[in-house]
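The block underneath contains the structure these notes are about, expressed in structure tokens.
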């Protein structure tokens, strides 16, 4: 046995390195950079970026399709949809629905902010994507990572990587993407509108009943939305019930942290050059951005409509909070209003619209899934 | 493609809703109500109740038999028995065996309190249940969730849902079920008996040796009880050893919390109307209640016997703590004694009997499993 | 049915008890004793010892090869290599590479300390072990549990139990094994050498870049080392990035704790008498000890070489810290130097060499895996 | 292709229709929910309805409220600037806000309308 | 059926028999365990055996002990009322109890027998 | 057998060769890494280079430094004695050490060489 002959064998990894790998490693580094330097959704972009690096080290066996660690985690948590659903349990335990329950009409804003989902679907069809893929791309417009991943896993798992990356990246770009649109579509006077906040007192009983009733109503009408909405509501119920502190804390900590880390790594590990570096990917990223813009525009326009209908009692900015992207969008809206008038506090209204957007996104995702799988004869 | 024709398709969920689903959703709501309002074992009844709701939303794919999230968790943790065993690791890390080690004769009370297991088995046979099912129903008499689930999973998985529900519900009903029996079976004079507490000092060495020795002795004599008893003792060893604080805390927190949440949800998700709404279920619930009563009665009568034999030095009430249901039963007994005589402290004796009951329950569960599987030729 | 005939059936467990079981139970008790009494790596030796007890209770179904709990965990976390890799994520989040980055030449000591791996491989071949087994035994010389387990799982899973036991036991024996060798191989004068510590300031940017660059460089050159090195570096990146506190804490707590407990139990559960009690096992344990000695000797000799080359500016003791066994070896070295001269602080240099040893061990493990699997035509 | 585009437009119409339908249903559910539970605790809200007016604003408590407002703003900005991906829920802010801002908003309302 | 009932009665007999047998064995094991470890630390218990008597009860320390008892009771009741499903172990209560109650129980014993 | 032994020796040679090669490469990478990032923050190190000398040792601050040293030693010994298998990282010790020991080591150096 000539060991000298082994050396080329040992450098096989380097020999298999492709320009595509280099590009994807650069992409991974950019994601990590955005996460670390600008804190754009770091809990997701950092693991995604790191997973992307791993998937592009040739022969390392760390892609989501391999039999190695990433493959094991992918099969355990993405294929089964466990990770996004567990994340939702944690998110649910962090959401406070009182601002929404105190002003139920705010819920309407959560519907308008979903227009980007369907608008993007149309555009994707125009660009030649088949229906299942177009619908999955549209789901980026939910501006909600778990929903996008859930829909894409069901309809077009081959597009999961770019969709997940777009969903989480754009969620983190809320403070960059939304403000120009807000200024463009609203007048200074509109942005200065102050809003009453005389909320009805929300009883403990209402708080507990809410997640249960929502689960049942949405579940019975849109069965496809049940997994997402029920896990969100389960998390909320764990919190508001006040009797299962242990479980509520587990949902908000160990469960969501572990699921988030593994989800990020495995999503990143799907970004192998061969699978990811296709013209489609760029289109998906562009369409995702558009979805975000369409959501915001629709939300703002609906906000203006509500403002007019209410006789100027509603600040149209809160329409932009109806897109989901909880809680960044809500906070941004409150900040924008304050920029115009330091004494104008609309945080509670914005958070109401924002939680409505979270509900709306999940429902819209489920409806999209229901309609499209019926048409395709899958469901 | 006529989209109008889709609407009935979309409302298929509602169309498939059966009266049975309605009944089971009501049952789930009752469980949640008991958990939230009266704090009856909320960490289990709330997830079980919520899982029950999910299992009865038609076409949602959230039953334990589906390929969805609940099915994944069911296969990962119930079929493999991982969840009840992990819960036992946590419970073990929470039990303090010093009161029992300080008064070893208390251990006898842990035997009498298991009579309900076998008494109920006889009754279930009388009602026509086959042996494997009768034994699983008898296991409710362990008054210990994980043991009941473990036995039922092995012998009659089709009855898992009602058995688990009964086991956990009745455990939480200790303060309601036991007091009238206590008053009925003991005289005021008996309840006022004070007890010596001159415990031997328990060395650290004994504390560490105890879980190891118990595992080996019980394991060698009743191999079927090994998984349950060993995980309980492992948890205890992690705690008393004092050198693996990290692991002890992990057992008492993340491990038990996650396992409990998932166990509750998946048990609930087995409560689908078609499978659950059978005359058997009502019989099982009734038999389970009877098992509880038989346990308590046997414990109290044995307590009276010990009282007589000891020349009145033993308060017969502590017999009722020998049923398991750790630590509620122990505390209840101490409270009952104090009610009669404010200066009468028998908490340490009651806790000794209670931990003995915990050991006895696990052993009785293992013995039941051993005997019945030998007769049925399974083991 | 004669129930009397059941009794022998019920005592089948005892009847199947072999002297081998007794020996292994004694071995398990020794491990637990070492863990509890002397705190030798208790988080691993205690679960390993307990798992060993369980595996040797006849008919209990708690061996790693069974379909019971231990088998489930073994298949989920050892066969898939998930547990050692998850432990590495946690270890990475606990390592501070600043002492190494401040004195990059220290990294050389991390190479010398790996000689035991290859030296032991040669000896194992001499003793007649086939190449795959000899290489796995050599991996004990990494003095790093996860690396040894990773290599053995790939090359010779049938030897996993003794290798894991040796790896973790010897790691814990650092304070017993190394000092005599240190005294033997260095003069008092050498041990009294003081070292400059004028470290370059390490920027946050360097700290973040380091784990990423190491992953890419090592991954591209030794793909086989990617899983190990990348998970170590991922953990480190989570910590030093400073933006994902949640994930960093999850890695350092719940993830590593749960993985450690399950890894220990399942490794222990592979120690069933029939599989473990072979002459090989004793040889492996002896070879493992030798690997440790060879590592230390090579490290110290290389330390002496560096001391001479540097003109007496380097204390050769730090060579002994290059073996991995992080952070015990580094601390021990600092303590030894102080013993000779109370004012001599070389902790920072020793920790630099120790982290270098950690890196070197992982790389050497990967290289070993790469070379041997190429020769055997596996990779 | 044209067929597909038509289909996608139909999906959009149907989808947004259902979303709005469901959201409006939710509105009703929420209203019913709060109404039902309010009826059960009738006396309390009644009492509250009698005294919805904020305490008269004196210059002494104005400073305190201004301080509370500043804290709330600082908290909100801080939260925004660090861009928590999985943030602590805004409950704390909400409570602070409710305590300090409710009466304030009411007086603001007057000013805004003027 | 009758056969099954007979079988079930036999199982009951056998099962309870084994349970009691095992429990009695456990009793022995526990007694042996505490005895063995006690022998090893012989001097200490010996010393303790010389002075098993509680300190004489004076009215001054009686109040303190009464307070300790009240705390223990309060703790126990509180624990009971919240019906913890996975409670913190009673260790804390135990230690408090051991510290405060041991001598007390001994004096109670006298009274009870009287 | 002889063949196998030869093979194992070759593996040793090759393996240790690659390990050393990789480690030397790592040395270069680390040096480059620190150099690159240092260039970007050039002014600061420059300033530091101007004043690398420790503050003059007076008897008053000697005690303080001795105390710091004692604490560091105690910490290190404590850590060693409990033999943490998964220890908290030595960061805390490091910082303390860096704060207190750096100037000290420099003066020690002088003494050692004398």
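As written, the chains take the letters A, B, C, D, E and F, and residue 1 is the first residue of each chain.
Everything that follows uses one rule, which is that contacts are C-beta pairs under 8 Å (C-beta built on N, C-alpha and C of every residue); 3 or more make two chains touch, one makes a residue touch a chain.
Remember, predicted model here, so these are calculated numbers, not experimental data.
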item	value
Rotational angle, Cα trace of chain A fitted to chain B, multiple of 5°	120
Interface numbering overlap (same over half, different under half) for chain B and chain C	different
Chain at maximum distance from chain A, centres defined as averaged CA atoms	E
Whole-Å separation of chain centres (CA-atom averages), chain A against chain E	55
Distance between chain centroids, defined by C-alpha means - chain A, chain C (Å)	40
Shared-contact residues (touching 2 or more other chains) in chain F	7, 11, 14, 18, 86
Multi-partner residues of chain B (each touching 2 or more other chains)	1, 6, 10, 39, 42-43, 221-222, 246, 254, 260, 371, 375
Residue ranges of chain A in contact with chain C within the complex	1, 6, 9-14, 17, 25, 29, 32, 35-36, 39, 42-43, 46-47, 50, 53-54, 57-62, 68-69, 72-73, 253-254, 257-258, 260-261, 265
Residue ranges of chain F in contact with chain C within the complex	1, 4-5, 7-9, 11-12, 14-16, 18-20, 22-27, 29-31, 33-34, 37-38, 40-41, 44-45, 48, 52, 69, 72-73, 76-77, 79-80, 82-83, 85-91, 93-94, 97, 101-102, 104-106, 108-109, 112
Chain A partner contacts - residues on chain C that touch it in the complex	80-82, 85, 208, 212, 215-216, 219-224, 226-227, 230-231, 234, 237-238, 241-244, 246-247, 249-251, 254-255, 370-371, 374-375
In the complex, chain A residues that touch chain D	38-44, 90-91, 94-96, 98-101, 104-105, 107-108, 110-111, 114-115, 117-119, 121-122, 125-126, 128, 131, 134-135, 171-172, 175, 193-198, 200-203, 205-206, 209-210, 213-214, 217-218, 221-222, 256, 260, 327-328, 330-332, 334-335, 338, 343-345, 347-348, 351, 356, 359-360, 363-364, 367-368, 371-372, 375
